[in-house]
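Shared between the two complexes below is subunit A, which pairs with subunit B and subunit C, respectively.
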Partner chain A sequence: MVSPVLLIAVPLGLAFLVPLISLVSRRAAMLVPVVACLFNLVVAITLMPGVLDQPVVEKIGGFPPPFCINLYAGPVGVLFAALIALAGLGIAVYAMAYIRTGPVDRYHLLYLLLLVGATGVVLTGDVFNLFVFFEILCISSYALVAYMGNKSGLEASVKYLIQGAVGSGLLLMGIGLLYGQFGTLNMADIANRMGSVNQVSVFVPLALIISGLGVEAAIFPLNAWLPDAHSSAPSSISAILSGIAIEVGLYAMVRMIFTVFGATSILMFMVFLGALTLLLGELCAFAQSNVKRMLAYSSIGQIGLILFALAMATSYSVAGGLFQLLSHTLSKALLFLAAGYMIYRSGSMEISSLHGMGKRMPLTSLAFTIGAFSLVGLPPFVGFPSKFLIVRAALARQQSIFTILLGFVLLGTLIEGAYFFRVVQAIYFKKGSGETGRSYAPAVALVSMFIFAALIIFVGIYPQPVADAVGSAATELLDRAEYVRSVLQ
Partner chain B sequence: MRIFLSLVVLAVIAVGIGKTLMEIPFGEDTTNVGGYYIQSGRDDTGAANIVTSVVVGYRAFDTLGEVTVLFVAAVGLGAVLAVGSASGRRRDVEPASLVLYTGCRFLFPLILLFGAYIFIHGHLTPGGGFQGGAIVASAFLLVYLGCRGRRIRHGWSKATESLGGLVFVGLGLLGLTAAGHFFLSNYLPKGTVNHLFSAGIIPIIYVAIGFKVGAELAGVIDDLVEESE
Partner chain C sequence: MSFLESYAYYVGAFGLILIGLLVILVKRNLIKIIIGLSILDTGVNLFLISVGYLASGTAPIFSREGIDSGSMVDPVPQALVLTAIVIGVAVLALALGLAVRLYQNYGTLDMRKIKELKW
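Let's turn to the complex of A and B:
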């Protein structure tokens, strides 16, 4: 039996090994994240069939649950861990070619620790432990945003750091108030005692925790840091921040709402917030002329869509939301990676400088187009089944308010289609002014892009295995009693 | 208007937090998990210091996470500063006075000894790896202030940092193979409470943390000194 703790401990051990490796060879450090992600991917896939039947509760230190920290490896946790390892692997391969300047060994070390933090957040079953891993995730991303050392990167990083630190502070206050009232930090134990206290006094920690996590999850109006941070970071880091970091923040928020608090009363508010975040994100993205800022705003829109689906809290809609999350991770990572080399070659982030790229960099342009079409939700790419599930789930609620909100969501998708087609048009159908010679991205980077592209097409054509996995993940998220029972039995 | 609005929002938050704090029974013996730790911490982990039995026993996984947070912060600071000052400029500094210099040289080993005492006895007396490590780092800070121009060797501090972390993770992983099959389970003999060699893996972890935190904070001081010159 493979233990889920390996998903955290082995990459962490490898991360501690990096400084020793880089004493021998600085370049060798770049292989470590690749090895760690491969290992995690294998472990997560091995664990998957087992946890679909029965979640694994790993007691760390061997004490019985409310007294120890436990990991909860259910379908949600293992699915996320697999996704983090998969996206992490693709982006780590890309970064081997893309990151050439600066303290390279430290880049790869921080990148690996970011993934460790994300994996820890999705697997833990303890609120304070969640905070600790969340901090690992956040602090490594602050440093990575500033990696280029230019003025805009440092400014974005400081902005991100200040807002993120305030968010973490709110989260910690919320956790402290919870501990004061319940005398325990175990998620299942808190959920179990939730009914025994005055509901008004639980609302304040709930509000603090949601606003704290909302900063990292980039929910409107807490997302002012995101466009700067995602556009000034190196492209590989933009990809991991957009593809993994904000999703993990959203996961933590949803886990708190569904499992720990069981707060069904605020779900309607979250549905509205999701639709609003979606519309504002897409509208801002439409107005951008800088391709990376456009992608960053589009991430806000997508997070809004995912939140909209998750907060509807039916098994269909949560499955749709998780599916959309997966498809956003793959598509947005691919978009940032492809945009990275197009920007590198053209020397500017303006959309107008991408004119004629379809001729100059045919493969990278193709990858970008696949990512864009998938994000918009065209068949046969992965974005289609996921958006379709969400639409079906919203209609199945059979309430006019959801139908109206769905109208706004579809409007958001239309806007999304408009600005992505504009870029694709610029790439293929506008004549470039400068050089016209062919140039390719390095082979390693192309391999990584085509792994993502192949996955997008493959899952788009055969969505069934993924749909089954997100289906049981949705059941886990919604079934609070089962979560409590399996931890505290 | 804006000030007024912010004041209103602040007031609402303050009232909310205040009301919640009123619900919390401070000073009463109601916390269920805490009560268990006080009752059986000593028997479960073999550590005479109950705080340590929680920090490195029941919640050792959090401690591993916190060690990592410090590691991330130190590496991140190093990365940002390394990019910021690519040129290895060094300015000659005026040496400190003889009294300061001699005093620092006299105090340095004593502070190291005290730091080591704090982290080695973490499972018996108040203190532990983080506190001991911070004291060790303060010895290095003193050297930077009093004996200017002296530097720690980066290779050594990095290697110590790495090894400290590796020992912690490695001990945890060994727990998966040892009796009990749990990560970070205390599989070594617990010995007699209040003896130096007791509490199984706890003192080993604290020594590893002490070295790691000491090396890490000394490295941070070194990075910052370099930057300010």
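Let's turn to the complex of A and C:
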């Protein structure tokens, strides 16, 4: 039986080997993230069948749970770890060709640290440990946004850093209040004692933790940094930030609300916040003429949709939300990767500069189109089953308020369709100006895009295994008593 | 007065946190904003320490004779603060590094004048 500790320890060790390896060979250093992600993917997939029956609780340091820091590898944690490794693998392959200038070895070091932080957040069972991994994730992403060292990248990174650091301060304060109240940092132990205190007295830590994590999760109104950071970063970093970083923030938030606090009374508020984030994100995306900014705003919209589904807190809706999260990771990563080379070739981020791309870069354009259609939710791509699950779950609540909100969500999807079809139209049906010569993205980048496109189509046609996995993940997220029992037993 | 005496650390910690937030929100100079972040961090750290602090408490060493567990200072928050300080230093170093590069690119540290990016 492999241990879930390896999911964190091996990439962390490899991350700090990158500068040493690059002294010997720069090409070998570029391969390190690929190797680490491949390892994580294999470990996560080997763990998967086991944890679907029985979650693995890894005790670090040999003390029994409430005293040690424990890792909790349940269906949610392992599913997320597999997703992070998968997206990380595809993007690392792409970056081998895409990142050519600048201190390349440091890029790969920070990229691996970002993935380690994300994996740590989803696996840990200790609130302070969560904070530490969260900071690893955040600090490496601040640095990576500024990787190009150009004006817009630096400005976006500074804005992101200031907002993120304030968010982390609030999170740490919330954790301190929790420790003061319960005298423990173990998530299961806090959840166990939550019933014994006055609900009003845990409201302040809950509010601090939600607003602290909400900055990274880009929930409205805490998301002012996201459009700048995601559009100014190198495209491979935009892909990992949109695909992994904000989802991990959202996961941490949902874990806190569902498992640690069991705060069912706040869920209706989160449903509204989700629908609002969705509508605002999609409306802003519609107004953009810069393709990367459009994709960044669309990420805000998608996060809103995922939050809307998760906060409805029925087993169907949580499964739908997690499925949507997975489909957003795959589709948005593909979109950013394809857009990266289109921008590279046309030299501009304006949508108007993409006219005629369908003839000049046929394969990259096809990849962009697959990603766009999947995000909008057309069959046979992965976006269709996930959105379908959310719609079905909202209707199954049989309350008029959810039906009305669902109407707004569908309106958001309609707007999303409108602006994505506009770009696809520009790519295929508008005459390009000037050069008509064909050019291709490098083969390595095309391979990485092909992996994502193939996964999007494969899971879209054959969603049952993924639907089963997210189904049991939803059961784990909603079942507090089982979580507490399996950690503390 | 007794309120201030028993909660002096909390008042101080939240005072520092609020001062830090105020500096971040009001100041335009990036270096001052970073100083604000540092004050905010210090406030949070002081708050964490005061959660576990006991006036005239002792070190939590169980092997010593004649010590009861009620008079020990809780060591966990101190361990947490040690980690939090390290994280704070990393963020601060990165922020100052970015500030240097920003100054080289824009020739100013005034955040009002640095707006390449718009909605």
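Basically, the second predicted complex is superposed on the first by the 489 of 489 C-alpha atoms of A that agree within 3 Å, B and C clash if a C-alpha of one lies under 4 Å from a C-alpha of the other, contacts with A are read in each partner's own complex, and residues count from 1 in each chain.
Methods note: a contact is a pair of C-beta atoms (placed from the backbone, for glycine too) under 8 Å apart; a residue touches a chain by one contact, two chains touch by 3 or more.
Computed from a predicted structure; not experimentally measured.
K.L.:
For the three-chain arrangement built by superposition, which of subunit B and subunit C touches the greater number of subunit A residues?
P.N.:
Between subunit B and subunit C, B touches the greater number of residues in subunit A.
K.L.:
With both complexes overlaid on chain A, does A:147 touch subunit B (first), subunit C (second), both or neither?
P.N.:
The first partner, subunit B, only.
K.L.:
Check whether A:180 is in contact with subunit B, with subunit C, with both or with neither, and answer first, second, both or neither.
P.N.:
In the superposition, A:180 touches subunit B and subunit C alike.
K.L.:
If you stack the two complexes on chain A, which partner ends up touching A:368: first (subunit B), second (subunit C), both, or neither?
P.N.:
Neither partner.
K.L.:
Between subunit B and subunit C, whom does A:165 touch in the aligned arrangement: first, second, both, or neither?
P.N.:
second
K.L.:
Just checking: does A:17 make contact with subunit B only, subunit C only, both, or neither of them? Give me first, second, both or neither.
P.N.:
first
K.L.:
Report for A:128: first if it touches subunit B alone, second if subunit C alone, otherwise both or neither.
P.N.:
In the superposed model, A:128 contacts both subunit B and subunit C.
K.L.:
Figure out whether A:107 sits in contact with subunit B (first) or subunit C (second), or with both, or with neither.
P.N.:
First partner only, subunit B.
K.L.:
Which partner chains sit in contact with A:139 here, subunit B, subunit C, both or neither? Use first/second/both/neither.
P.N.:
In the superposition, A:139 contacts both subunit B and subunit C.
K.L.:
Looking at subunit A, which of its residues have contacts with both subunit B and subunit C?
P.N.:
The answer is residues 128, 132, 135, 139, 142-143, 146, 149, 154, 157, 173, 180, 183, 185 of subunit A.
K.L.:
For the complex, give me every residue of subunit A touching subunit C.
P.N.:
That would be residues 128, 132, 135, 139, 142-143, 146, 149-152, 154-158, 161-162, 165-166, 168-169, 172-173, 176, 179-180, 183, 185, 227-228, 231-232, 284 of subunit A.
K.L.:
Could you pull out which subunit C residues touch subunit A in their complex?
P.N.:
Where subunit C meets subunit A, its residues are 17, 20-21, 24, 30, 33, 37, 40-41, 44, 47-48, 51, 74, 76-77, 80, 83-84, 87, 90-91, 94-95, 98-99, 101-102, 105-106, 114-117, 119.
K.L.:
Of all residues in subunit A, which touch subunit B in the complex?
P.N.:
Touch residues, subunit A against subunit B: 3, 5-6, 9-10, 12-13, 15-20, 23, 58-63, 66-69, 102-103, 106-107, 109-110, 113, 116, 120, 126, 128-129, 132-133, 135-136, 139-140, 142-144, 146-149, 154, 157, 173, 177, 180-181, 183-186, 189, 197-198, 200-201, 203-205, 207.
K.L.:
Under the stated contact criterion, what part of subunit B meets subunit A in this complex?
P.N.:
Of all residues in subunit B, those touching subunit A are 16-17, 19-21, 23-24, 26, 30-37, 44, 57-62, 64-66, 68-69, 71-73, 75-80, 82-84, 155, 158-159, 161-163, 165-166, 169-170, 172-173, 175-176, 180-186.
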